[in-house]
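After this come two complexes, each holding subunit A, first together with subunit B and then together with subunit C.
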Partner chain A sequence: MPAPLSPITLEIIVLLLGIFLLLSESFSKSGDKSWMARFSIFALAVTFAWSFFTTGDAGVDLASSFYSADPSALFYKRIALLSTIFVLVMSLDYLPTLRQFIPGSTVGAGEGEFIALPVFTCAGLMFMASAVDLLLVFVSLELVTISFYILVAYMRRQSTSLEAGVKYLILGALSTGFLVYGITWIFGVTGETNLIRIAQVLPAQLAPGGRLAGSESGLLFGLCLFIAACGFKVAAAPFQFWVPDVYQGAPTPVTAFLSVGSKAAGFIVLMRVLEPFLSQASIAAKLLPILGILAAASLIYGNLAAMVQDNLKRLLAYSSIGHAGYLLLALACVAPTDSSFGHSGVTISFYLAGYMIMTLLSFTILIVVAKHSKGDDISHFNGLSKRSPFLAFAMLVAMMSLAGVPLTVGFYGKFLVFASAVQQQQFLLVGISLITVAAGFYYYLRVVGAMYWKDSSDEAPIRVSLLTKFSIALLVFGVVYLGIFPQPILNMLSSAW
Partner chain B sequence: MLNLILLLPFVAALLVLLGAPARKTALISSSATFLLSLYTLLSYDQAKAGFQFVFSKTVVPDWDLKYLLAVDGLSLLMLLLASVVALAAVWVTPRIERRENLFYSCILLISAGAIGAFVSQDLFFFYAFHEVALIPTFLLIGIWGSGDRRAVAWKITIYLALGSAILLVGLLDLHHAIPTGQRTFDMIKLGQLSGSGLIPAAAQARPFVFLLVGFGILVSLFPFHTWAPAAYASAPAPAAMLHAGVLKKFGLYGLIRLALPLLPDGAKTWAWLLLILLVGNIIYVGFATIGQKRLDLMLGYSSVMHMGYIFLGIASFNQVGVTGASLLMFAHGLSIATLFGLTGYLRQFSPTLAFDSLGGLAKQMPFLAATFGAAAFASIGLPGFANFAAELLVFFGAYKTSFAAPLSGNFKIATGFALWGVVISAVYMLRAYRAGFLGPQKADSANWTDLTGSLKLPFILLLGFLVLSGFFPNLLLNLVRPALQVLLAH
Partner chain C sequence: MSPVLFWLFTLLMLGFATSVVVNRNPVASALSLVGAFLALAALFVGLDAYFIAVIQVLVYAGAVMVLFLFIIMLLDLKAEQRRRFNIVTLLGGSIVAAGFIAELTALLSKFQLGKRGFPTLPGAKPVDDVYQVGMTLFTTHNLPLQVTGVLILVATIGVIILSRRELK
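And now, the complex of A and B:
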């Protein structure tokens, strides 16, 4: 029996992989760089498998540590690893498109970073999943965000990509400002940056006679700044202004990564940081309505605006806002006592896992179709069911899951969200989400309608590479299997909350 | 056994999608499903009653969520309906020019969803299977529908999606209303517990409203009915048969299976609302039916109208009325499927099916005229068909309640209105028959030909069951009664 492996080995491997990729990009001869993506996919897959053999460090005193290796952290690390793997698969399909928009005198110049940066982002996401100190939260968030700044603007010769990069840079910097300022306030008021310590000292500080008794406004101000900063990351209204343009302008694999990775990271941070505060009734009473308002705003804005989009990337951007709304709804329904469906952390994590699978699936297909149809509007999907029944069916499954049709993983997510909302008797929010679910059916089915109802002028069949075909099949299987038997994910989460 | 019945159409749908010969596979699978259902029905132990053929596999232990298949008398009745209509629907499908495999796959999926909903005794899968049918319907109407098919497909899909979402909230609220510790998705357990007043009376009103509206939208309860007539008129005949004949019964079945036993006080609280709405179904929609100028739309409206009677039986809230409602679900499913199947056949000659363009068809299409007439008379409630026995029971049940407090007055009025509905349906059905089949022949209908050969069989099958259960309603009533006794025990 080998010694138990600490989960931090996972981050170390990923970082080493990233450094290796950077170095080999610098020193290797020019040429096709797709081997780097293949190698990274393999290495990350091994790391993912490894994650099942690591065990948490039981002896560590979290109160004086930055890094926690609890099951929920491990779960989010796996989400980060899986999404990076699939993003790299997409990048392989995307490299030809990328080549057109980056200047390079030699073949393959400048492509290596496009593979290396997602790996660094992945490391950042993994650190973030483990962060129990506001400082590590900040540092890992910056690692993720800065990598994304580069990735979003990667296609230097395409104005939309540059525009997206600038928008993301400015608003991202703004949100970082919010984050740091919020952390400062929280630190200033509580005297701690470690979340475990905060949970320990907070009750005494809030109790009558404590130094925060009756004057919580400083703390609430800090938390609101923090929520605003996370709102940027998870694409929640009213902090969503960057989303449509950045999603549309960024290289499509980066868009997929943004919508999955950024959202998952934002939510694990949000949950971890808010947890000690939400367990205090006086703070929760003031924070939960704020989260509820954000949820309602995101649901309404995201889903209604998505209905009129003709560009699929843009549509998915708005739908990403809508999904942030459902996730925030679950967060706003944090139960004082555990509900019969488990902690709202389970709901959010399950939803995110499902969201990851179906979003990656739709973006993978989008890249393949866009490459052949020369565009990523919904109309470019016209007649897809004839050109490639396989892709059309996979896209059908993805859209069904995003809309929340039963027997797909997306439905279990919605089911849990609705369950916690009903449990908390939040019928106003339930009413809003009923309307947005119906709206969701409309815009997701528009894609289905295009694929199955309409005819395309171009009847040429679409060829799909073997690796892409395999990953699409895997994702479809994941959507359907987990849509019937959600237990594997729930098992991973059962010890987390 | 039930597993086989349920998986067969799913597997067949997949095979057809992957390129198996479409019509052959679909026919084989739906015949097998039908025969297996029939076998299940015959080998069901009526003396023992209760749930039989139980198959259970735990899916999520923490929530007590199971893949639980079982049938009692009520489920069996619906299973029989679903498998008969599914077979007939596959059979009557004409030659499909474009994408035949996708078409049959969709039909099989709809029937699989309906069967799954009726044999699942777990709230989650009961709900999930029904919604499986939503997307095939969207594709069927959008690709192969007639008229303004895309607008219609949008309308039905959004309407039903909204209805399902409301229903989901209702089911979750129901689940939440059950005292902690007894919460389960197991409908068998819930049915047994319901006798002892599982849910406090005060907590019943809200979940009942959600369920009533959610199921109501799916059943086309007035005023949520507007999706139905246009959708049935536009859908290809097999889809209309399955939807109007079988799938729509899901909502009624759910009300009987869940809302009445678990939320009896909620039902009493809201009975006044249900009475108003069902009178809307019968009278308002009834008059709208009379006003229709096209055969397909008229049938669509008539199917909405007949839901009113079934609602009346359910609202009566006693053994007699609910038994009548169950039998009427069965009978209406068969008669409307026959009518839509025949209409689909007629559509190949007359795309609009306007009454003006039809006439005198009885002479050249004697078989079609006879079967159409029989199904139309069954719809009206002529003795000899199951509809008659069922409607009689519904009215008896409603009258019974109308002499009991506290809603007696309202019930008398509602039943009175409902009785007039019989006259209304006689008016529009007979007018439709006259317009289509009697009178002078239209010039352009000279070369229209009657149904021939094996195409007659599905209609003979449907009408055969209708007549058999009309002359011997006790065959089915004995089956349903014990199940309803459990459900209405309180």
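And now, the complex of A and C:
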């Protein structure tokens, strides 16, 4: 393997970028820090391009390593990089708001770290995408979670941000406890922390007379704890209590990052860890119903509670729970005989990619509109079509896609999920999700209605910066393009699974 | 390890841990935490894991707790007021906790793997704990160690950002 193109260079570049940002922040004069965001966007875009020139992990003995760079890991690394780039674009628009709520003695104080921390989070997400050992899973998950604790509570002068920070910290710590306890059990019963090794030794251990014969319940207990901990990270019911308050209280770019990054990372970890266990029919038969129950609970809770929300950030929080439900539904429909995730892996990854695009799109627009309307309620979107037809149209696309209207990426993602659910004959779950899709139409279209059919008292046109305009246009294009031609990504994914 | 000692230290640890949560005075809570750490260290000694036991005392009971106490003293925290608990929260919390304990008890009673004794280690030679831990951390387990380093860096930034009176 040629050393300079080894995939771990991606993480190293991102980490070096983070350290460079911290150093330049401490050595540069005080003042506007937006150049740091622009520089990071550029550097991360270069890293994203670089990711297409790295080699896979051929020739590496994964069973004794921590880090795998298989195509699926690379795919999730790209998701992490892209979402960080768009989050930084949002941060540029958000810096003026942020400035009001951090106690700085000089101009630009505390803004550099707001840009450096997402870069470190991105590195954590990328490590997590590659982790094939429970130890690395844990460490990188903590890296991500701890930087999110800081980012959520960043606006210290705003009590909602602090409240969100404390809530997230306490529940996050609880979920970490579950995670470690679960890992302990899995390690204790299988004797391995490496997931590839576990996949190798598990069949013999489960066979009659094997180490685990009669002690399967210990393994299941560990796995359930693990699923609970991941449930916190991906915002699945009944582990969703923190979601609405934290999403609403956190600085908006952080909310976007939380809903995209945390979810993608949670699902790649969930898939990687569950893969060796789900390929064992006796364990899959017990785990899949649990995942099905989580999916149904998230679908119902998220979508029904979203219907009564008036604050758009809160609405998107509940919709995030709902989308976790669709993703879990795909996970619960893994064919029990598959040796790997196969079709479900493709479905989940495609859904996550689509979810990333449409969520980032709606949050980018939300930040711009909230800056001008001084609030992030749905009523602040009233008459947006007159104030800025461009933003209104982009938001229309985002909401249509989140609801799942055909010709958008959201529709195709949901279609794949339903297809795999029907294939596995999970008709009850399909019925539940069809009802929740209908509920989704109601609350997403409320936003559209506010934009196009309601009048605003404020008629002043909204100005959008060039970079934001460009990123919104790119995201709109992504939603529509992948909604019509999903094949390129699907081909890429089916070679990964 | 003799079962008597095991139960003694386990009960001590659980007692201290409960008192961390129940105590309203932060200093008393912190001191109970020291007690819990020491009892845990004793359990490690009972498992012949001397290195972890020593680290537990030095790092947790020593350094971390002294810092805790400093912070508590410096901030001059008063005893917390007794809070009235919301009945629904209390009920929900106790149901979850009781369910968890019930599940764990049911699991442990029929968990065959846990009834085995420890396997005898090959060769009666004593193992050099510190050497082995060091070798593991810096050879085979180096990547997680490096990521932990980044994690601590991020945590340090967080402390400064969230606690400094005025950012510069």
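Simple rule for what comes next: the second predicted complex is superposed on the first by the 486 of 497 C-alpha atoms of A that agree within 3 Å, B and C clash if a C-alpha of one lies under 4 Å from a C-alpha of the other, contacts with A are read in each partner's own complex, and residues count from 1 in each chain.
Heads up, the rule we're going with is that a residue touches a chain if its C-beta (ideal position, glycine included) is under 8 Å from a C-beta of that chain, and two chains touch if they have at least 3 such contacts.
What you see is a predicted model, and the numbers here were worked out from it, not measured in a lab.
Colleague: Classify the contacts of A:Leu143 with the two partner chains as first (subunit B alone), second (subunit C alone), both, or neither.
Modeller: It touches subunit C, and subunit B stays clear.
Colleague: Scan A:Ser30 for contacts with subunit B and subunit C and give back first, second, both or neither.
Modeller: Only subunit C; A:Ser30 stays clear of subunit B.
Colleague: Taking the superposition as given, does A:Thr54 touch the first partner, subunit B, the second, subunit C, both, or neither?
Modeller: A:Thr54 contacts neither subunit B nor subunit C.
Colleague: Kindly classify A:Ser215 by the partners it touches after superposition: subunit B alone (first), subunit C alone (second), both, or neither?
Modeller: Touch status of A:Ser215: second partner only.
Colleague: May I ask you to decide whether A:Leu117 touches subunit B, subunit C, both, or neither, giving the answer as first, second, both or neither?
Modeller: The answer is second: A:Leu117 touches subunit C but not subunit B.
Colleague: Which partner chains sit in contact with A:Phe127 here, subunit B, subunit C, both or neither? Use first/second/both/neither.
Modeller: In the superposition, A:Phe127 contacts subunit C only.
Colleague: So subunit A touches subunit B in one structure and subunit C in the other; where do those two contact lists coincide?
Modeller: On subunit A, no residue contacts both subunit B in one structure and subunit C in the other.
Colleague: Using the touch definition up top, name the residues of subunit A that touch subunit B in the complex.
Modeller: Residues of subunit A touching subunit B: 340-342, 385-386, 389, 393, 396, 400, 403, 405-407, 411, 415, 418-419, 422-423, 430, 434-435, 437-438, 441-442, 445, 448-449, 452-453, 484-487, 490, 494.
Colleague: What part of subunit C is in contact with subunit A in the complex they form?
Modeller: Per the touch definition, subunit C meets subunit A at residues 103-104, 107, 110-114, 140-141, 143-144, 147-148, 150-151, 153-155, 157-158, 161-162, 165-168.
Colleague: Where on subunit A is subunit C touching in the complex?
Modeller: 15, 22, 30, 64, 66-67, 102-106, 109-110, 113, 116-117, 120, 123-124, 127, 133, 135-136, 139-140, 142-143, 146-147, 149-150, 153-154, 156, 165, 188-189, 211-215, 217-218, 221
Colleague: How about subunit B: which of its residues touch subunit A in the complex?
Modeller: Contact set of subunit B toward subunit A: 17, 59-63, 99, 102, 124, 127-129, 131-132, 134-135, 138-139, 142-143, 150, 153-154, 157-158, 161-162, 165-166, 168-169, 172-173, 175-176, 180, 183.
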